[in-house]
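What follows is a short report on a single structure.
Every chain is named by a letter (A, B, C and D) in the order it is written, and numbering of its residues begins at 1.
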Amino acid sequence: MELGLIGLGKMGGNMRERIRRAGHTVIGYDRNPDLADVASVPELVNKLQAPRVVWVMVPAGEPTQQTIEELAEQLLPGDIVVDGGNSRWTDDEKHAELLAAKGIGFVDCGVSGGVWGLQNGYALMYGGEDEHIARVQPIFDALKPEGEFGAVHAGKAGAGHFAKMVHNGIEYAMMQAYAEGWELLEAVDSVTDVREIFRSWKEGTVIRSWLLDLAVDALDKDEHLAKLKGFAADSGEGRWTVEAAIDHAVPLPAITASLFARFASRQDDSPQMKMIAALRNEFGGHAVESK
Amino acid sequence: MELGLIGLGKMGGNMRERIRRAGHTVIGYDRNPDLADVASVPELVNKLQAPRVVWVMVPAGEPTQQTIEELAEQLLPGDIVVDGGNSRWTDDEKHAELLAAKGIGFVDCGVSGGVWGLQNGYALMYGGEDEHIARVQPIFDALKPEGEFGAVHAGKAGAGHFAKMVHNGIEYAMMQAYAEGWELLEAVDSVTDVREIFRSWKEGTVIRSWLLDLAVDALDKDEHLAKLKGFAADSGEGRWTVEAAIDHAVPLPAITASLFARFASRQDDSPQMKMIAALRNEFGGHAVESK
Amino acid sequence: MELGLIGLGKMGGNMRERIRRAGHTVIGYDRNPDLADVASVPELVNKLQAPRVVWVMVPAGEPTQQTIEELAEQLLPGDIVVDGGNSRWTDDEKHAELLAAKGIGFVDCGVSGGVWGLQNGYALMYGGEDEHIARVQPIFDALKPEGEFGAVHAGKAGAGHFAKMVHNGIEYAMMQAYAEGWELLEAVDSVTDVREIFRSWKEGTVIRSWLLDLAVDALDKDEHLAKLKGFAADSGEGRWTVEAAIDHAVPLPAITASLFARFASRQDDSPQMKMIAALRNEFGGHAVESK
Amino acid sequence: MELGLIGLGKMGGNMRERIRRAGHTVIGYDRNPDLADVASVPELVNKLQAPRVVWVMVPAGEPTQQTIEELAEQLLPGDIVVDGGNSRWTDDEKHAELLAAKGIGFVDCGVSGGVWGLQNGYALMYGGEDEHIARVQPIFDALKPEGEFGAVHAGKAGAGHFAKMVHNGIEYAMMQAYAEGWELLEAVDSVTDVREIFRSWKEGTVIRSWLLDLAVDALDKDEHLAKLKGFAADSGEGRWTVEAAIDHAVPLPAITASLFARFASRQDDSPQMKMIAALRNEFGGHAVESK
C-alpha cells in the first residue's frame, strides 16, 4: 500500500526503510530537504491517492500538534492520520475529535524499538476504531517484529500511547532494579567479579531479559562503567506514567522511585539535603560540609 | 564423580535426578526415609570415597547449621562441603572457618531455577577458594543450563549466596515493575485488552523477559487474576538484600519499595493508616471509617 | 472594612464569624439560604460599596470556576476577588488574567486551620500584586492567628495556593512519619506502653509538634486505634504536590510514599499484589491464596 | 542521691552539670583526665556508696561493651548500671543478662536533647524492671524537661533504646518532609519568599513544630543555604529502625526513603545511575555524559 510519512529523523528514517523493504510505497516529508521525498506537506498529500494514510513521526507536543492541525486542513474525509510519535495519551482524544469533525480517522501508535527496530522490528501498541486500524494494518505488519508478538490493538484512541507509556514506566523500574543490584554487588569486597555474575544470569535465572543482555554488553565495554557519569535523562513518559497513576489513585512506588532517582542524578548538589544538613546542625551541633 | 547430597526435598530431589542424568553417582540422605538412599549422615559419609564432596540442600538457618556442624565432626581433612541452600551470606564465613579448622573445604552456592530447574538447568552462583571450586566443578557443570551462561564463581566464601541474594532482590523489583504497570493499565477505561498488551510485549520491546512470559502465562489462566488474593510472601532474601544495602550505605529505593509492598499485602488492616485516619480526624474533623 | 464572602460551609461560616469578631462587616452568600445574608451574588455585589473585596470560599474546580466567572461579569474595575478555596495554583493564573482583563484584581489565598481556625486563627498564604494584597490586608489580619506568624505574602498570583499545597504535602509526610513509628512500636513485644512513649515525646524531643499532640489526643480516646479502619482519603493537594514536583524534576520520595500509602489503604485488595502472587506461583510453584 | 557517670563528652558533661544543679552528687570518670573527677573506673566504684548506680555515657558498640564488662567485674550485687548511650536495643538484652548473672541490675535509657538539653532538659525513654527504674528515678527527674512530659518507662530492657531509635526514625522522615517541601518551593519562580513562608508556618498550621522553628533559624542565617553542601551523615539509629521494621515485616516507606536520601547525598557519583545511563545508551543510543 501507499503511506505518507512525516518526520524522517532517527526513528522515522529507519521506519521508512523497513516499510519499503516490505514492498510498500512510502512518500516521506521532513523539514530537512536532504531527507525528504517531497518538498512540503501539501505536495505529500497531493502525491498520495485517496483515501490516504499519513503517519506522523515528529516530536511530541507542539510539532505534533501543528502537523495534525495542518493535516486536518489538507486531508479529505475518509483519510486517516496515524500519530506514531511519543504523544501524551491525553492529546490523542483531542486530536481524534479534531479530525473526526472533518471525517478524518485517527489512530495513535506507540512505537518501541529504538536503534534496534530497523533490524528486529518495532513493537507497536495502537489505539483507535477497528475500521481505522484495519486500514493501517499492512503498515503495522511491515513494522512489527517477525513472529506472533510485538503488535497489539490496545483499545480506543489514546490507548496505544497509554500502553507505550506504561511500557516505559515498567522499563524505568526494571533498569533501576538491575542498577541497584549492580551497585550493591560492586560495593562488597568478597564479590570479585560482578560482570561475570551478570553474564551468568543470562540463562537459567528468574531475571534473564533483554535488558540484562544489554547490561552485560555495557559491562563488556567498560567493566566498572568508570567512563560514565551517573546522570540519567528522562523522556517524559516516566513522568506521565506517575501522573496517570495519581489520576487513578494507583500506587506506583517502584516506578516513581526510579523516576526520582533520575531527577536526583541530574542535580549537582541536592537542595533538600542542604536543608537536612542545616537541621542536623541546628539541633545537634552536627558538623556540616561547607562549600 | 561421586557426590553426597543431604536434603532431597522439592529442590534437592530434582537436583539429584539432574546430576545422575549427567552420569555422576549421587548418594542422597534425607530425614524422610522414603526419599533417602542411606539411613544417616554417618552412613552417607562412609559410603563416599575420600576425598569427599558433600552438598547440603536443607532449609537455611538452624537445619543448615546443624548439618554443617555434624559434617564438621564426620568428615576428614581434604573433604569439601557445599552449602547449596538459601543461607545468609554472613553465615558462610563462619561455616568456612569452622570447617577450615578441621582441614575441610567449603563452597557456598546460590541456586536459582525453582520448578523449572530439572528440565532447563539451575543457575549457579558459587563462592570459595579456587581449589575447592575446581573439585566441585563437574557437579556444577551437570546442574547448570546448557550453553555458555548460568554458572559463575562469584568470589570468596559467601559471595555465591550474596550474588543469589542480589538476584532475588532484583527479581522483587522486576516483578513489582510489571505488577505496577499491569494495575495501571487495568485501571484505565480506554485500554480494553491488557492481557494482549502484555502478550505483544514479548517481542521487540525493551521490557521483554522471562518474567514477562510468565505474566502472560498467568493471565492466560485467569485474565484479570480474579481468583487470586493480593497477598505475597517473602522468602528472606529480599530482606537480606535491603539489610546488606544498609550495611554498605547503598540506596535501594525500588527493591525496598517492592519488599514493603509485600509486607503491606499481608496486613488485614494497616496500623499506620489507622494513625493517619486518626490524625486527619483530629485536625480536620475528617470522617473516618470505623469498624 | 466591608467584605463579601461567598461560601458559608464549615470553613466559610467560621471565617465569617472570626472576621466579624474583629469588627469588620461581612455580607455572606451561600446556595443554602439558611446560611446566607443575601439571596444572590448580584444582591451581594449591590450591597457592597465600591471598590469591593469579594472572598470566594467554595469547593475547588467547577464551583470556584463558575463563581469567579460570575464575579467577572458582576464586579467593576477596581474591585478585588480573593480565592480562599483549595484551588490548584495553575488555575489562579487563568483567573487572574480573566479578571485583569476587566480591571478587577485577584488574590489567591491558601487557608490552613480546619476546625481549630475559629478559635486559634487561620494560617494564610496569599499571592498576588502588592496593591491588591494591601487592600485585603485588614481581613488577613482578622483571620490570622495572634502573634507575629501565620500569614505570608508568598509571591505572585498562584503562589499562595502553591505554598498551601506544599504545606499539605509536608503534612502528609509528617503524618506518615508518626504513623510508621507508631506501627513499629506497636509491633514489638518488649515495648509495653506506646501511648505513653508518644506522650513523653511532647517535651524535650526533636520531634515534638502540634501533630504529635494530636496523636496523643487520638490515643487517649482509643489507645490502640482499634475502632478505626486503616483507611485514609486524600484531598487533592498531596497529588498536586507530586505533580508539581514532577514538573520541576524535584524528587519527593517521602511525600510521594505517603500519598501512595493512602491510595493503597483504600484498596480492598491490591491488583498489583495479585500479579506478584501470580508470578511467584508461575516460577516457583509458591502457594497462592485464592479467594 | 549519688551517681557514678562514665563518659563526660559533649553529652555526658552537660548531663553531669544538669544533675548537679538538681542537688545530686555526681562522680564522673572519663578517659580524658581533664574532664574526670576520678582517675579510673575502680576508683569511681570505690568512691560510691553501695548500693551504687553507675550511668554509662560512652559511644555505642565496642566502648559501651567494654565498659559494661568492666563494671560487671567491679560492681556488687544490688548495684545498677544504666546505659544512656546510643546502643542498639539488641545489645541491651545481652547486657541485662550479663549483669543479672552477677546480681547487678540494668536499665537502658535513650536520651534526646543534643546541645539544647542542659538548658531545656533531656527527653528520656527507659527500659528495665520496675524496681531498677525506681532506684534511678531521681536522676531521671533531674535530667528530664520541666513539666509533665519528657520521660517514659517504655518497657522491658531494650525498650528505652528501641523507643529512642524509633524517635530518630520519625525525625529522619520529618526532616525529609520539610526538606522536600523547601526544595519544591525554591524551584518555582512565582514563589518569591520561601523563608517567609516557612516563618509564617510557625503558627496556625498543621505542620508547626520545633523542627520547623529550627528550619527558620537556619534560613535566617543563610536564606538559600548557599553555604552548605547537600551532604547528610546518618548516626546508625535510622538504619536500625529500618532493620527492626524488616524484622517485624512493618513497611516504612517514608522513613526508609529518608535514609536512602542521606546515603545518596554522600556519593560523589551514583554507581546505579551509571548503569541506568549505560542501559539507555545500549538500547536507545541515548547520549551519555562521560567523565
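One rule holds in what follows: a contact is a pair of C-beta atoms (placed from the backbone, for glycine too) under 8 Å apart; a residue touches a chain by one contact, two chains touch by 3 or more.
Predicted model only: the values in this text are computed from it and were never measured.
*Asks:* Give me the set of chains touching chain C intersected with the set touching chain D.
*Replies:* A, B
*Asks:* Based on CA centres, what chain would you say lies at the far end from chain C?
*Replies:* Looking at centroid distances, B is the chain farthest away.
*Asks:* Do the two copies chain A and chain C share over half of their interface residue numbers, or under half; same or different?
*Replies:* Same, since over half the interface numbering is common to both chains.
*Asks:* Quick one: report the Å distance separating chain A from chain B, using the average Cα coordinate of each chain.
*Replies:* Here the centre of chain B sits 33 Å away from the centre of chain A.
*Asks:* Centroid from C-alpha atoms only, then distance chain B to chain D, rounded to Å. What do you get?
*Replies:* The separation of the two C-alpha centroids amounts to 36 Å.
*Asks:* Report, in whole Å, the distance between the mean C-alpha point of chain B and the mean C-alpha point of chain C.
*Replies:* 47
*Asks:* Out of chain B, which residues touch more than one other chain, so two or more?
*Replies:* Those would be 114, 176, 178, 180, 183, 187, 206, 211, 250-253, 257, 260-261, 264, 272, 283.
*Asks:* Residues of chain A touching chain B in their complex?
*Replies:* Interface residues on chain A, with respect to chain B: 89, 112-114, 117, 120-125, 127, 144-145, 147, 149-159, 162-163, 166-174, 176-178, 180-181, 183-185, 187-188, 190-193, 196-197, 199-212, 241, 244-245, 248, 250-255, 257-258, 260-261.
*Asks:* Would you tell me which residues of chain C are touching chain A in their complex?
*Replies:* So the residues of chain C in touch with chain A come to 206, 234, 239, 242-243, 246, 249-253, 256-257, 259-261, 263-264, 266, 272, 283.
*Asks:* Quick one: in the complex, what on chain C touches chain B?
*Replies:* 10, 114-116, 175-176, 178-180, 182-183, 186-187, 211, 214-215, 217-219, 222, 225-233, 253, 257, 261-262, 264-265, 267, 269-291
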